[in-house]
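The structure's right below; bear with me while I get my questions together.
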Amino acid sequence: MPWLSYQKALNRALGDELARDPAVFVLGEDVRVAVSNVTAGLFKRFGPDRVLDTPLSEQAFTSFATGAALSGRRPVIEFQIPALLYLAFEQIVNQAHKFSLMTGGQARVPVTYLVPGSGSKTGWAGQHSDHPYALFAHAGVKTAVPATPEDAYGLLTSAIRDDDPVVVFAPAAALGKRVDVDHEGLGPVPLGVGRVHREGQDVTVVAIGHLVHDALAVAEELADEVSVEVFDPRTVYPFDWDGLAASVARTGRLVVVDDSNRMCGLAAEVVATAAERFDLVSPPVRVTRPDGAVVPFALALDHAVQPDRAQLAAAITKVLKQ
Amino acid sequence: MALLTAVAHAPGSDVGLYRTVRLIRRFEERAVELVRSGDIVGGIHPYTGQEAIAAGVCAALRVDDVITSTHRGHGHVLAKGADPGRTLAELAGRATGLNRGRGGSMHAADFALGILGANAIVGANGAIAAGAAWAARQEGGDRVAVSFFGDGAVNQGVLLEALNLAALWRLPVLFVCENNGYATTLTVSDAVAGTITGRGAAFGIPSATVDGMDPRAVLDAAREAVDRARAGGGPSLVECLTYRFDAHHTWEHKARVRYRADDEVRSGRERDPVTIQGDRLSDEDRERVDAEVEYTVDAAVAFALGSPHPDPVGALDHLYATGMRARPGGGG
Amino acid sequence: MPWLSYQKALNRALGDELARDPAVFVLGEDVRVAVSNVTAGLFKRFGPDRVLDTPLSEQAFTSFATGAALSGRRPVIEFQIPALLYLAFEQIVNQAHKFSLMTGGQARVPVTYLVPGSGSKTGWAGQHSDHPYALFAHAGVKTAVPATPEDAYGLLTSAIRDDDPVVVFAPAAALGKRVDVDHEGLGPVPLGVGRVHREGQDVTVVAIGHLVHDALAVAEELADEVSVEVFDPRTVYPFDWDGLAASVARTGRLVVVDDSNRMCGLAAEVVATAAERFDLVSPPVRVTRPDGAVVPFALALDHAVQPDRAQLAAAITKVLKQ
Amino acid sequence: MALLTAVAHAPGSDVGLYRTVRLIRRFEERAVELVRSGDIVGGIHPYTGQEAIAAGVCAALRVDDVITSTHRGHGHVLAKGADPGRTLAELAGRATGLNRGRGGSMHAADFALGILGANAIVGANGAIAAGAAWAARQEGGDRVAVSFFGDGAVNQGVLLEALNLAALWRLPVLFVCENNGYATTLTVSDAVAGTITGRGAAFGIPSATVDGMDPRAVLDAAREAVDRARAGGGPSLVECLTYRFDAHHTWEHKARVRYRADDEVRSGRERDPVTIQGDRLSDEDRERVDAEVEYTVDAAVAFALGSPHPDPVGALDHLYATGMRARPGGGG
C-alpha cells in the first residue's frame, strides 16, 4: 500500500471532487503553479476554467466565490496564509455565512476556504503564524482542522460537498504526516463527528490538528502511569459534543490542548461545556497559546508560545492528582 | 380591477419606464409612512429621487440576468420584478415577505428573479456580482450581472478590487454607480479624489456618465453596456448623476442633522424622474398607470399588514443551508 | 445634579481628551455632522485637524490611524456598525495589535476603536447587529464594553490614554441609559478592573454592557428568593479574574449572561476559567446568543436570539437547585 | 580599517548610490548563504536585482522622513540607514537584532531611523504611510513618508483606498511601486487590468514610470516627488520597472516551481543595477567601495552570528506597549 502524505491527501481530495462535480472549481494565489503543492497537477488536468489564479485581492475573490456559489458553483479558495482570512473576514463572516438566514433560506453558499499551512510555519513570525480557527467557530462558520492524511482527505471532501461555507485549516505541523493507506480507503468524513485516536480510562485529552500527534506521543510516553484517551473533534464547529460526552463519561477527567489563543479559544469552549454538562472528578485543564499571543520570530520564542508536550504531560498529571 | 393590469407594456417602453418609476416612488412614500406608523421597524433608506436608475437599468435586463443591490435597494428589487406586496411584507417583517421576514429592507432578495439581495455593507456587492457573472458565463449563454452602488462605495477597497477582477477576466458585469452627491453626510468632493468614471477607466473599463434623472438616458446607457457584456466585451461602468430627495435614512426625519442646504434640496428636487418620464406619456396613459400603481401599492400595503408575523420559534431557521441546527443560547 | 446619558458621556470623554491632549484626534464617517451624536459639537470646537470625516474606506483609515499612532498621535476611530470592524480586521488584529511585539518594543499603537451602537439596534437585521467583542478578546486586543454612563466616560478615557489599541463597544441597548452625576464625579476607569453593581451571597451573575441592567433587574425581581451578586468585568480583555474570584469565593455559584455567540464567546471563557480555578458548589450556566447567530430582521425573531431576562432568571434558579 | 569608512559620500552621489546598491547586493547574497546554512530560519525574500529602487528613493530622503516596507524589505531598511549587523542579527533571530529577534526578515524595523517596518501583508503599508505623513504634517515641518510595494500590491483594496486618502488630503507620501513583473508566480499582465500609473492617475496622483534598474533615474524621480510633497503638493506614485534576480522566496531554491523561462531570467539579469551604477565610478572608487562593503558585510555576519539568542522566558515581552502581561497558555 502507498504512503499518503497529508498534503497529497488534500491534493487528491481536490482532484477527486473536481473530477466528480463540474460545479467545483479552485481559485487562489499561485494555484496554477501550485506553490503550496496542494493544487499540484490540477491546472494541467482541469484547465483554466476550473483552476483560477487570482490577483492579490483577497476581499474581492472571496466574495467572487460567494457570487459564484450563489449561482450554483462550489468554489474552493486556497489562502496562502491564515492571516489572509482576516482580510476577507467581512466577506466570510458577514456575507457568506449570513446569506442563508438573511434570505430566508433562498440562498446557499457552498464555499470552502482552505488554508494549507496554518499555525506556526517556524520562522515566519508574527503576521504569518496565527491559528485563528476559534474566530470562525465563534462566528458560526463551519471549521475543520484535520489531523491525519485520511481526515484531511475526508474533511476537505465533506467541506466541498457541504452546502454551507466551511473553513479548513491544515496545520503546517501536520502537512508532512504520512499514513499507509489505499486510495480506496479514503472517503468523506462527516463534519461534526470526532474520532477517538486512542482509548483510555483515566483522562480524556481533547486535541485537534497537529496537536493530536503530540497528544498521542504524550499518551504513549505516560502509558505506564496513566491510561489516556485521545479525542480529536476534527471539526471545531460543529463540535462533536456527544462524542466528547461519551469519552468523558468513561474517563471523568479532561485536558484540552489547543493551538488557539487561550482567551475565548476552542479550549475555553470545551472546558465550559464540560463544566456545564459533564461530571468531572477533577477540574479540567487547558493547554493553549497565551492570551493574545503574537508569535515572535526567533525559533525558541516561536516555540515558547505554542502548547507543547511537556505542558500537556504536566496538565495530565495535574488532573490526575486532584 | 383586472382591466387596470391587463395592458402589458415592455419595461423599456415609455409607459413601462413610467410605470416603474411611479411604482417605486409610491412604494417608497408608503413605506416611509409605515416607518412613521411603526409598522416598519428599523427604518429604511428611501430611494426617492433615484428611481430612473433602477428603472432604466432593469429595463435593459432579462429575467435570467442577476442584480446585486444596496442598503437603498427597494427600487432595484421592484424594478427587477419583485412582487410589491411581498417586498413590503419583508420590510414589515412578515412571514410572507420575500425573505420570510428574516432580511428586512437591507437584505430583500428574490433569487427566482435574479435578485441576489440588497446588502447592508457598502461596496460589498460588486465582487458578488462578478462571481455571479463568471458563473453565468461558465454555464454558457449570455446572462449578465449588475452591481448597483452609491458614490460612497467607490472608496471601498473590495469594490475597486472587483473592478480589477471584472476587467481582467472580461466578465459580463455592469457596474452602476448612483452618484447622488452624498455618502450619508459626506459630499463626493470630500470623499472622491479624481472622478468616478476615471476609476473605471483606470482598469480599462468603458465608463460613462449619464443623466440619472432620465429613465431613457439610463436605459440607453445600460443597453449599450449590457449588449457589450452579452457579446463578450466585458464589464462597463455607468455613473448616473442623481439626487436623493429624502433623508439618507428615515432616522433623519427625527434627528437634527443638517448637511444639505435647503436651497440645494429644493433645486435638487426640481428635476424629478417621475415628472420627466411622465411628461412623455399622454395624460390618459399617465392617469391609467397612476391608478394602476395606486391600486398595486394599496394592495401591497394591505397584503403586508395583513400578513402574519413569523413565529419566533423558527428564529434560526435557515441559519445553515444544510438544515444544521445551532446550539441555543439560553441557559438550557 | 445633571442627568448624564451614556451617549453624552462618550461625547464628553472625547471632548475632554481632545482638550487635554493635542495628540488626540477623532476620525470616522460623518463624525463632523455627528450622525451618531457621539461626536456632537467636536468639529466646531476642535476644527478640521482634530475631527476628520473619512471616505468609506474602513481598511485604509484604520491603518491610517495606525500610521499616525506610530508617529505619536492618539487616534479615536468611530465605526458606525460593529461589522465594519470585520472590514478592518486585518488592520486591527494583524497590524495594530502586533506592532509592539514584532518590533521588539519599538512601536506603540495607541488607537481607540469606538463602536457606538453595538449589538442589535432593533430591526437592523443580520449585517448590522453583531456583538463581536469576543473576537477581539481572543485576538488579544484590549476590549471594553461599558454598561453605564460613568463607565462609558471612564473606560473611553482610559482607552484613549492607553498605549495599546483598544476596542470600545457601546451597546445600542445601553446608549440611552442615564445617571445622576456631576462632571466632577467622572474620571478614568482602569482597563481590567471589574465592578460589583450589587452585592449578594448566593450566586454571582457576570454581565457586561447593556446586560448589566438586565442582570440588575432580574436580581431585584428575585430578591425575595435569592441574593444575587452582579459582577460587571467592564473590560472583556483584560478580564478582572481577581475580582471575579473574590465574588465567586463569596457566592460559590456562577451564571454568565453574554450577548456574544455561545461558541468560544466571553461566557465560555468565564465558565472555563471558573471551572479551572474556582470552587463552585454547582455547575455554572451560560446565557448567550446561540452558536453562530445571525440576527433575523423581524422583531420577535431578533429578540429571540438575544439573551433575555427570563433565561437569566431560569439560569439562576438552575444553579441554585443543583 | 577605519580608512575604508572614513570617506563619506552623499547618498545621492554616484559613489553613494553605488555603495548602497553594492551593500544591499552583498548583504542579500550573504543572507541567502545563511538561509542555506540554517542560520536564518524561515527563509527570506531576496531583494537582489531591485537594489536601485531602495537606493535611489532613500537617497532622496532625510533621516527624519519615514518609510514603510514590504516582505522584500532588506534593501529599504539598509538604504534608509539601518545598521547591517543589527539587520542581519534580526534575520538570524538574535537578541541584538533591530527588533530584538522578535520580527525577523519580514518585520525588520528601526523607528529611530524612520523605518516603520517591513510588513508581511502585501499592500498593508500604504495606509500606514499615509497616516504617518498626516501626522508629520500636523507637527509642522516638511517630513515625508514613503510606501514601498510590489506590482502585486496594486490589486489590494486597502492600498487603493490609501491612494484615495492620500490624494484627497494632499498628504506628503511617495508611493513607490516596484514592478518586477511578478507577484510570486503571477505575471503583471495576468493580474493588473489597465496600468499601474493609470491607477495613481485615476486618483489625481502624479504618476510616472521610471527605469528601476538605474539608481540615478530612480533618484531623480524620487527627488521630484519628494520636493513636491515637501512643498505641500501632495502624493506621487513612481512605478519602477525592475526584475527580481533570485527566487520569490528562498523556499524556491528547494522546490520545483517553474514560472519564469530560463531565457527570461537570463535577459532579465542582463541589466544589473550594481553594474549600471558601478560603471559610473572610476575603477579606484569602485574597488574601494567594494572593499568597504565587503568589510561591512563580513562584520555584519560576524556580529550577527556572534550574537546571543533571545531568552525564551521573554517570548511575550513587548506584547503590550503598556507592559501588560498576558495569561500564559500552559496548563498552570
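Order of writing sets the labels: A, B, C and D. Residues in every chain begin at 1.
As a convention for this text, a residue touches a chain if its C-beta (ideal position, glycine included) is under 8 Å from a C-beta of that chain, and two chains touch if they have at least 3 such contacts.
Source: prediction; values computed, not measured.
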Co-neighbours of chain C and chain B - touch as defined: A, D
Chain separated most widely from chain B, comparing mean CA positions: D
Between chain D and chain A, distance of the C-alpha-averaged centres to the nearest whole Å: 35
Distance between chain centroids, defined by C-alpha means - chain A, chain B (Å): 39
Mean-CA-position distance for chain D and chain B (Å): 46
Multi-partner residues of chain C (each touching 2 or more other chains): 55, 57, 59-60, 83, 87, 90, 94-95, 101-102, 125-127, 140, 261, 263, 285-286, 291-294, 296-297
For chain B, residues that touch 2 or more chains besides their own: 99, 101-103, 107, 119, 121, 155-158, 161, 164, 168, 190-192, 316, 319, 326
Chain contact graph, described as a line, ring, star, complete graph or other shape: complete
Partner chain D, residues of chain B touching it in the complex: 155-161, 163-164, 167-168, 190-195, 198-199, 201-205
Chain D partner contacts - residues on chain A that touch it in the complex: 29-30, 32-35, 37, 53, 55-60, 81, 83, 87, 121-128, 255, 261-263, 285-294, 296-301, 303-305, 307, 311-312, 314-315, 318
Touch list for chain B against partner chain C, complex: 41-43, 90, 93-94, 99, 101-107, 119-123, 152-153, 155-157, 183-186, 190-192, 255, 257-259, 309-310, 312-316, 319, 326-331
Parts of chain A lying in touch with chain B, wherever the complex brings them together: 49, 54-55, 57, 59-73, 75, 90-91, 94-95, 99-110, 140, 162-164, 192, 238
Contact set on chain C toward chain A in their complex: 83, 86-87, 89-90, 93-95, 97-98, 101-102, 125-127, 130, 132, 134-135, 137-141, 237, 239, 260-261, 263-277, 283-286, 291-294, 296-297
